[in-house]
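These are the structures in question, set out in turn.
One chain, subunit A, appears in both complexes that follow, with subunit B as partner in the first and subunit C in the second.
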Partner chain A sequence: MKLTAYFCLVFLLLWQPVYGLEYSDQELTMIRSLGPWPTESVKDPSNRFSQQEGAIELGRQLFFDRRLSKDNRFSCADCHQPNQAFQDSLPLNKGFDPLHRHTSSLLDVGHRPWYGWGGEHDSLWSQSIRPMLASAEMHTNITILKNTLKQDNQFQCAFQQVTDRTIGSFSEDELLITLGKLLASYQETIKSGSSSFDLFRSQRIKQSSRNDEQYLSIDAQKGLKLFIGEARCVLCHSGPNFTNGEFGDIGVPFFIQNGQGVDKGRYKGIQALRKDPYNLLGKYNDDPSKNNAVRTKHLQLLHRNWGEFKVPSLRNVSQTAPYMHNGSVRTLVDVIDFYSNLDEERLHADGEKILRPLHLNEEQSRSMVAFLTSLAGPISAATENTQLFSRCQ
Partner chain B sequence: MKRVIGSLLSSVLVFSVSTAHSETQLIDTHIHYSHDAWNVTPPKKAIEILRTAGLQKAFVSSSSDEGTQLLYAKAPDLIVPVLRPYRKRGEISTWLHDESVIPMLENLLAKNTYAGIGEFHVYGDNANLPVIRRVVELAAQYQIFLHLHGDSDAVEYVFDQDPSAKILWAHSGFDDTYTIARMLEKHPNLSADLAFRNEHASNGKVDADWRELFLAYPDRIMVGTDTFSPERWYYIIDHADWSREWLTDLPTDVAEKIAYKNALALSNWALK
Partner chain C sequence: MKTAVAARIGAIILAVQSSSYVLACSIPDDAGVTIEQDGLTIGIIWQQDTPPIVGEVFELNIIACEESKPFVGEIKASAMMPAHNHGMNYQPNVTMKSPGQYLATGFVFHMFGTWRLKLNIFSDERRYDIEHDLTL
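== the complex of A and B ==
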């Protein structure tokens, strides 16, 4: 009896409830900065159709409509597939010609400062015009498209209901921009929801660490600690959307296959954006204040922009393989391996270097993958809502 | 007859390529052709890029030196060979502790023609290490320049060793205009390249502080790209265009010196 009591006493003295890992104040501040998620939907002031339900439905129809391409070959959804996190899971896809950039996921695509791997556009609607016109992609002929849409009475009626004008009253340029804005209105609804990490974050913010491993495994929490600490991923993959919205050269080779030279990345992106008649500095920006064009106005072309590519969001990243601008990295494990063995001499930096080889061991790599996998939330997008146009049936 | 027409046509083509970029002559003083560039941009293509950029000359140093020799053999009129003390990538921070670098340099200097030794990386009092000291001696022996990537302390230490050394300060030390001016004033044998610097010009306009520097030391500044990764070879053309654009914002005589005359003078001095 005495012995039992002794063991009970020892057990009580030694037993500590497992509440997960401890976090420093600095780590908690960092964790707080990675939310809340999902964020509140905000209207895009450059797009007069943004958040209008009729525009969203018409944009949704257009998104799945192959008539937007030459010979009715491709719709937006053929590459941005809803059941593939709105990308195509291929390293490089092929339209009318082989493409040299990986299809980006459209998750949480609204309200980014720049669009495209090189930031060729500064609004979602102008970005939506690009693949329609690109000869390697949808290769749209706007004259033919205008005639096709005009002959579709049902579409014509819905279009007039949303825009208050007939298709025929639009110039080809105006029609192109309007289609871009309608497509953007739908794409703004493509969102990722609350993930395991977000639930963990909420718990931690409430200063309750009890049972927080039920939201985020200890392994994933170790990955989180690396992500915001030693590995410094958070310097670029920052904020609730896990991206700073800017561009970086992380040492991924950027030659284009078949001896076509190089993909200049952000360098060409800035040049293209400056020349783009549909950029936010132009007359098609629906925000009369043009406050949303300040970034574009003050862009500078820098040597470092050569071969820089967009810092992608890491939301649902486990569902958006393959990775990098050219889809050259197959899995998340390979991504971690890439950063572990980074070739510093491909990068030119003086002073404090952001990037350096992480040299992670197997356990650390596994933890990082566990953390990144925890960023997956349910995917949603506007669904069919044809009754809005019931009078057009 | 066909041969004559073909020859005339190719002359016209060559002429149109060279005139497209010949408004401002330009010498690029900061190019590397390292081992990982050779396959993806073979020598013929590399020379084509330099010619397309409209360069009169290109200062080339490579890890290993074989890259420089490959280009020099193809276009001795165009390439100004500079001897890099690295055998391969990855030796930026280790080379100056590796005494086997010295016999390699000695052999190559005895065998080939070079205008300089560099671009090499050295910071602070590491410039007093035996390997660097010997490099400084070799430059003096062969009367060639040193292409030094480092801070102003390293430059000072090298001048302490040999006040008559000629140093081309890579990236102008990534320093501010005040420090660059101070260094140029103090060391008449110091020149500076502008590789991977953006602060001096934006949208074709020269920054006021940099303009002051350029006007105060018009004989001491040069342009350069820095092809630190294989893909950067393709940047040589865009960089030349970018340089020509901002150079037009300077008085013509100053612009010409920075664009090519200073580099030509350095090359002629070394390759005399």
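== the complex of A and C ==
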């Protein structure tokens, strides 16, 4: 009896309700800015097929269709694999030739200002055309593809149902653009859902800190504090999608493997965008107001764009290894290590003053990885819906 | 006949122009920022009356009054982050909508922190370099 009373006393003395970590007003403002998530789906005004269920289904079929490539070798899904968070888990993939940029995940790919590691495109549909035309990737011959699709009665029927026109009535250029827009309609549905961090954020916004470690562990919360504070990751990885949508030079080498030259990143990306006949300033933008082309119109080419690469989203980042534009960093731990030991000389020569080596200790690195891992939510994408084209079967 | 019509049109244009010069110029109450420098008063009205949001395209209306009269001239706009020593990735464009009223488009502040908005305002006679710091 005496022993029980003793244990009860010890328990009462030791037990304290856990309220998680305390956050300053500034930290709470930052946390608030990282949501809400998921965001509402918005129609892409540059793509007349955006959010149309027939176009989504036809785009889904095209995404998995190897006929889009030369000799029926590759489909989009061969590199953007649904069971690998819509990327390929390889540092660098190989199509008809070795590639020098890492395959980006397609999660939450809709409504970004720029596409490609160098921002070569300003819409998802024009970005979708790029791998088809690239000789190292799908190497599509649009003349052959048009004939192939015309001979497929089922596809022809579904295509006509969605576009109100026969494949034969399209010029090759028009067909290419339409295929890009259909593919984009499907890709807009590839999304990540609410993560542990998002549940934590919602709880914090309600100003209820009680038990919020059930959503985000104390370790991950310490990582969050670093992310929005001392480590300053949030300066570039900002907003609900954990990216400002722009570009930065963080000191990843821009030399291409095997002495194949340099990857100029954003510098070449802007030059390519300006030459792109499918950019939003052109006639294929389905928004006659061109209000969606403001960024493209005002973009300036600067010397500092040289060696800058896209700031990627960190949503589901634990599932999208390896990392960086050239896939040179293998794991999340390695990413933290990379930022901990940034080459200051290299950065002072070309990089932004914003960057400095983090010099994180082991515990801080672990917390940072815990936080980044908490950004993973369930992945969803449009599923097969062939009954839409039942009259074509 | 043609000369007479042209003269009449010219007179009308001159009258309209001179009347606008003598119009009083004042900064509206809803201006988000008011700056006074060497007899020039600038009012900045944020698009949709809210300060810029990180990563979003925004535009701003600029009201420029010189000695209480609408300023007529040219304005060049830019912005940079002093702490990081870099500017925007975009080049804004400023157009005069009417004497003293300007519209600046094409701004994107892509990072949290302090941004310095720079306005170079000049006419044939004078030049003003205005700076205003804004923390997001």
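The working rule: the second predicted complex is superposed on the first by the 372 of 393 C-alpha atoms of A that agree within 3 Å, B and C clash if a C-alpha of one lies under 4 Å from a C-alpha of the other, contacts with A are read in each partner's own complex, and residues count from 1 in each chain.
The rule is simple: a residue touches a chain if its C-beta (ideal position, glycine included) is under 8 Å from a C-beta of that chain, and two chains touch if they have at least 3 such contacts.
From a predicted model like this one, the values you see are computed outputs, not experimental measurements.
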item: Clash or fit, subunit B versus subunit C on superposed subunit A; value: fit
item: Touched partner set for A:Asp25, first subunit B, second subunit C, both or neither; value: neither
item: Touched partner set for A:Gly245, first subunit B, second subunit C, both or neither; value: second
item: Which superposed partner A:Gly307 touches (first subunit B, second subunit C, both, neither); value: first
item: Inter-chain angle, subunit B to subunit C through the CA centre of subunit A, in degrees rounded to a multiple of 10; value: 60
item: First, second, both or neither for A:Glu345, with subunit B first and subunit C second; value: first
item: Touching partner for A:Asp164 - first (subunit B), second (subunit C), both, neither; value: neither
item: Partner chain in contact with A:Ser33 - subunit B first, subunit C second, else both or neither; value: second
item: Partner chain in contact with A:Glu362 - subunit B first, subunit C second, else both or neither; value: neither
item: Superposed arrangement (fit on chain A Cα atoms) - minimum subunit B/subunit C Cα distance in Å; value: 9
item: Shared contact residues on subunit A - subunit B and subunit C; value: 300, 302, 304
item: Of subunit B, residues touching subunit A in the complex; value: 40, 89-90, 92, 171, 174, 196-198, 202-203, 226, 228-232, 234-235, 238-239, 242
item: Residue ranges of subunit A touching subunit B (in the complex, touch as defined); value: 251, 253-255, 261-262, 264, 267, 300-304, 306-307, 343, 345-346, 348, 350-351
item: Sites on subunit C touched by subunit A in the complex; value: 54-55, 57, 83-87, 89-93, 105-106, 108, 110-113
item: List of subunit A residues in touch with subunit C within their complex; value: 30, 33, 234-236, 238-239, 244-247, 294-295, 297-300, 302, 304-305, 352-354
